[in-house]
Amino acid sequence: MNSPPGLAPPLDVSEWLNTPAPISLADLRGRVVVLHAFQMLCPGCVSHGLPQTLRIREAFDPDEVAVIGLHTVFEHHAVMTADALRVFAHEYRLTFPIGIDRPSAGDAVPCTMTAYGLRGTPSLLLIDRQGRLRLNHFGALDDLRAGALIAQLLAEPAESATGENGG
Amino acid sequence: MNSPPGLAPPLDVSEWLNTPAPISLADLRGRVVVLHAFQMLCPGCVSHGLPQTLRIREAFDPDEVAVIGLHTVFEHHAVMTADALRVFAHEYRLTFPIGIDRPSAGDAVPCTMTAYGLRGTPSLLLIDRQGRLRLNHFGALDDLRAGALIAQLLAEPAESATGENGG
Amino acid sequence: MNSPPGLAPPLDVSEWLNTPAPISLADLRGRVVVLHAFQMLCPGCVSHGLPQTLRIREAFDPDEVAVIGLHTVFEHHAVMTADALRVFAHEYRLTFPIGIDRPSAGDAVPCTMTAYGLRGTPSLLLIDRQGRLRLNHFGALDDLRAGALIAQLLAEPAESATGENGG
Amino acid sequence: MNSPPGLAPPLDVSEWLNTPAPISLADLRGRVVVLHAFQMLCPGCVSHGLPQTLRIREAFDPDEVAVIGLHTVFEHHAVMTADALRVFAHEYRLTFPIGIDRPSAGDAVPCTMTAYGLRGTPSLLLIDRQGRLRLNHFGALDDLRAGALIAQLLAEPAESATGENGG
């Protein structure tokens, strides 16, 4: 799977939760996208990443900031199934859209995780209004810095001056 | 399954984790037993009950206080399997013995949970040196009170004066 | 100032807050006494010791456990005055009795602090039902252990079998 | 005391801590200014406002964001003195510059607090690169929103297009 130069790779998702229709990054162009890559049995995701993601959704206008979870299972695949994730999302009241990263045929690491070069979970990814990946952070990032980075992207124009990414 | 009058019901466990051999309450007679009933996808267990259980194991002499987890799955059985629990215990570094409450043939509630009349998870159960159930607490109990209740049982004699429970 | 062998030294207090009359340890005989030694401008006291002291007062029956603060000013005497302490106690809603440790004529360390040999603030002191000092802990002590130590003293008899401390 | 239309009122400070020379907002023009108004015996300031102020100073480049404390004593003046504040700042390791809001002759509320119309402590004030007051928030503001607001001001130009505030 390829992506235009400079743009964040597409989300290669086998199944979506909490959304009536699949979500494409292209459809979100113009908004800042907060992508939280997690695994349901990753303690750092449960204690830090997911609560922060819920706080981000509360703090920003959804018309300006799209918040998406990405379940990037790269270990213990047999027990972190779609059914298990549905129960997990229900119990933890995760109401934002969550995409299940498509399993790779010959690799433990799923497709989107590979395309983005993620180092593990939790990872916080920020995509700007023009669709470019601007942050790829593995581990905990404090709320002050996370809030500042999102706001910095919000302050940028939705279209480049030259229109080079507008195609 | 019956139990002698006054004694805590036996642990009816289908499989044990983190112990070389099954554990029987009878074998623990003389010690105070802290039994934490939880489900791996119960947020209150993950945020409060299990961390408290780990702290209890740190705070008390294991020769005096036995700490045991009990996985009492009463909902979402299909995804809270023994395999899933093993991954969960590994990721959350739960090193105390955990018994999987035996599923009931015709009931969502497992056998030990029914025998103890538990109201849900997390539940903290305290069993005294003579094997009697002395606390059956559903929900969060603060550390001060939990520590005090355990110490209160520790201060009691291991055998009753009249030997009435010694059979 | 001397104290009978084995007994906790008396509280040498220049002024009491939050109590209609001065408090003497002798009057509390039969109860467990929790004594929290603090300074109002000590960060560890404000973040840990005083909140724990408030929790202890909530968790235990006041007829069984007496909770007392002791303002042991050993530095910055000019600004940690009785007037400042009154404002501090009001703002932080400290409603338990607080004794101001009597300043020493020739020493920065006040009288009770010296008599108890305290190492600094915060310190948690536990006195048993017979008036004996049983814990002298400098720094933070977690709630599980604090609760257990208090309960252990509560389980002891109010009078010694031989009456040796009853004089 | 007057201020040019649109500009934040000057800091009317009787004494500065942690700075070799008095600080004027005019000298900070071009930077975003984070002003934390507090009282040393205000519990919400100690538990929330001041720790957040320290985190803000860590999270942002000091050449871009100036962090300043303002001790706005409007109650208990007799005990929240300059000497007491110096001890407090030392014990709590507050190393950013702190101005003592000038007491008002006939009013409990000090001068800068009145000029800004502050409602109480803690208050978080944000001043933009052009010297205009952009946030006047009484009470706790979460880190995500605080970080976002600071970054939003950072993204604005240091000079207005028309130069109207440049005088």
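Miscellaneous remarks
Lettered A, B, C and D in written order, each chain numbered from 1.
The rule is short, and it goes like this: contacts are C-beta pairs under 8 Å (C-beta built on N, C-alpha and C of every residue); 3 or more make two chains touch, one makes a residue touch a chain.
The structure displayed is predicted, hence computed values, not measured ones.
Same-residue interface: chain C and chain D share over half of the residue numbers found at their contact. Centroids built from CA atoms put chain D at 53 Å from chain B. Inter-chain centre distance (chain C to chain D, centres taken as mean C-alpha positions): 38 Å. Averaging Cα coordinates per chain places chain A and chain D 36 Å apart. Not a single residue position of chain A touches two or more of the other chains. Contact between chains, per the stated criterion, is found for A-B, A-D, B-C, C-D.
Taken in their complex, chain C has these residues touching chain D: 41-43, 46-47, 76, 78-81, 83-84, 87-88, 91-92. The touching residues of chain C, counted against chain B in their complex, run 55-56, 59-60, 142-152, 154-156.
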